[in-house]
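Next come two complexes built around chain A: one with chain B, the other with chain C.
== the complex of A and B ==
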């Protein structure tokens, strides 16, 4: 591992935000040595609790994230925020007024905000989020909030692996129905009906209850439904109390940990092998040669693939 | 290769549509022996011309596909249609009236229609489309039309590798602007302004011209813009004439062939290796063991990954 990785990690552990930021960027960019660096910080991870906050655009996720952050900071916790939502003020996608309003949270003691692009993450969005969670965890954050718009499959995947998931709905948008469609219904640990002063809030609560009653699994506890007016701070204390209780008691946490570790392992192996193949095969000209032979119809692609796979097989795990 | 694969291939070569359909399904499902089967049919491929037809929903792609098919059939060609568009009448997503209207093309002599799900293809949508193209090609189709809605990245990828791409716009939908956004502008070989009897058709033509003029690459020939009223059959002859001329002269065809073969090779190797790893690692319990060790924090995921990768490296192509 290059010595500047070590220096960065040491500085990060001593509390340097600059070092943390650079580490995140370098790991995201998969700079040589990133895996050794992640190995090095791994013993310092596993302490932070991860809360996912998801919902359609315009449901006030960012304001909610802002409010939750303030309450956690008031309680003396250190908070990290990962904003995957492209329209989030945290990730710079909103109008200026919003962004200014959000800024203050970034300046709070012990709060670190990182925005993530939904496209183009070298290790995949999911893995990138996992890496950043680990780095924030090692940095000493107690809570990590992941704000993501619950639309694309990628975004849903990211929030799905949080320890606790808040699904945010608002009145009058048919969000409840949207939630079912997007498959985020099943991942909700708490439903937040935000903008609860708008007409129709009770109807949204009823809709969610109806949907939950349709669920056949009567053994599982139903996720609570909490009404908030994030912009005024109403309901945030209650929401957070429920969240913290659930985080302590949720059985699924252990289950999710297994799923998460498993997915991460498979994902990492995939990316590594595929990266190596692409790199080597291009480097030695073997790929070009194979392509020309296939075009000249001297060989078929399947034979080429088998020639590459066969020698690998006996070295795969399990063989 | 299991003997029933051989039987199916023999029957397919003799013209059995039932055998063709079953082959497609079995290859799509990655049934054991699929690669051997594809190897077997490979010498019979490489003759068909592939035309991609893409555009926003409601632009009349299916009607256009229908009309083009009829003209090709009248000229004595055999046509295969792959419908990736989930809203296409070919793939059964449209209202009954539409579907009935489309049915007749399916019954035309020498026309074979296959719809493809945009999600869940075992080998990936792209590779599935490539497999079906090869099977239709080996079956003896002269032209293969791929109809896809130009929205998702996956769908764009599919049509991108056709020999010739028609991008369909209509007046009054701001489709031209949509086309730039979706990144399908660059892949268009011909722009089709369909529903050209609607108000604003000339404006769409102007918009496209303006966009094409913004393109800095002055050496490249600009794609023609052809107005059609697919429902009446107007402009179809001209469109097809242009298409056939372009198919003969397009330099990009050779270029695309390289790109396509290269992508396909890398994609196939990826899928195969990843599939093998998942299967073996799960089978021998190694994955479960690693997961438990990571949760117990006896080992970190990166070390596990490196332990798997390291023995593989020397057997990768290029090492």
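== the complex of A and C ==
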């Protein structure tokens, strides 16, 4: 029996995990009524601290997330984890395999883990991830960890929704700095050199320091570089202490907040508009027809797009 | 709306042979599902906890150990307890013919034995999963 949104929200606020997960699914799927639901829970958000964890595959992010969660739980905090994996561009399906690496903490009281696929498309994951973060926030989580693979554009975007970003790398990947995708370097608040027992760990630290020294802006404090062996738990306490200290630094949060809210607004609007356009376009086979015409070179894609956009422009204020 | 069907694929109990489960997991991904793959040696509690948090539509259990009857029973009971009675349970693996009906009577929607085509599994899932939650 499908519960209505009101009931689910009330139950979620009372602590029902089932209601929370249902809300997450509905919001992620953009089921009718989702925006009203988000409006209703918005006043209950703004309390949780969001930590983004990113880096190339194989760097031990899930293990790290597992460890960090453990320490937070031991300190008495409630933790929500969003683990992101890429959707197949061909089938639209995905293997969500991060959870299995966090089995230690998944079943702990106060820990909630949700796996999400990127689901491709414009503003695809980043917007739903933001919404899921808000739901976890409203549910009462103190910390929300978002774990993604920093290789796709979607995943970089997701991490930008965080208050604090950890970028993870390991020795043996050649030039560590090259291995970290551009864009992620700039948003890193802490660099974590994991698997620090492997040969080359000190070199990685040097590489990162060198790269940071090249940064012209000498006024801002440089992000700390912390070595860990996540699988053993080494360095985790130190990492967490640094993270908690940085989270308290108001100055950085204020600056970032504006950027994030702006991105969120644009992301939301983009997604809604594109969704509406696509829906209309597909109706009556308009999109399919245009595709065939372009393939047959009867028309060019730019003309097609102009035909779609021009009528809309007249509705915009000030145009 | 952008509905994706979420399927939990896992081995349950002590048996560690997961190749079949992996083949199914990847096959279901290629059929367009989002697959949460838990690997091996999961307990009924862990499976149900995951099923609820991940709000899956389907729980797929791979069992080669012969313990399918008690394990299926536990999972179905726990799902009901935690509010997951609408989650579809499918079982794959080494299941004797005579156990298929009793499993279905317990509430398992379908039992797949070795050599089952992924397409068939995908069909069953699409048939049984409701459109809206």
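Annotations
Convention: the second predicted complex is superposed on the first by the 243 of 319 C-alpha atoms of A that agree within 3 Å, B and C clash if a C-alpha of one lies under 4 Å from a C-alpha of the other, contacts with A are read in each partner's own complex, and residues count from 1 in each chain.
Please note the rule applied: a residue touches a chain if its C-beta (ideal position, glycine included) is under 8 Å from a C-beta of that chain, and two chains touch if they have at least 3 such contacts.
Owing to the predicted nature of the structure, the values given are computational and were not obtained by experimental measurement.
When the shared chain is aligned, chain C comes close enough to touch A:25, but chain B does not.
By the touch criterion stated above, A:58 is placed in contact with neither chain B nor chain C. Legend: residue contacts after superposition of the two complexes on their common chain; A:15 is shown touching neither chain B nor chain C.
Put chain B and chain C next to each other and count what each touches on chain A; the higher total goes to B. Looking at the shared chain after the overlay, A:258 reaches chain B, while chain C stays out of its contact range. When both complexes are overlaid on chain A, the residue A:172 reaches neither chain B nor chain C. Of the residues of chain A, not a single one touches chain B in one of the two structures and chain C in the other. Taken together, the chain C residues at the contact with chain A in this complex read 1-4, 6, 25-26, 28-39, 45-46, 49-50, 52-55, 82-84, 132-133.
Within the complex formed with chain C, the chain A residues making contact are 2, 17-18, 21-22, 24-26, 28-32, 87-88, 90-97, 99-100, 103, 106-107, 112-115, 117, 119. Interface residues of chain B facing chain A in the complex, by the touch rule stated above, are 35-36, 38-39, 42-43, 46, 257-258, 261-262, 264-266, 268-270, 272-274, 276-284, 286-287, 290-291, 294-295, 297, 300-306, 308-309, 311-313, 315-319.
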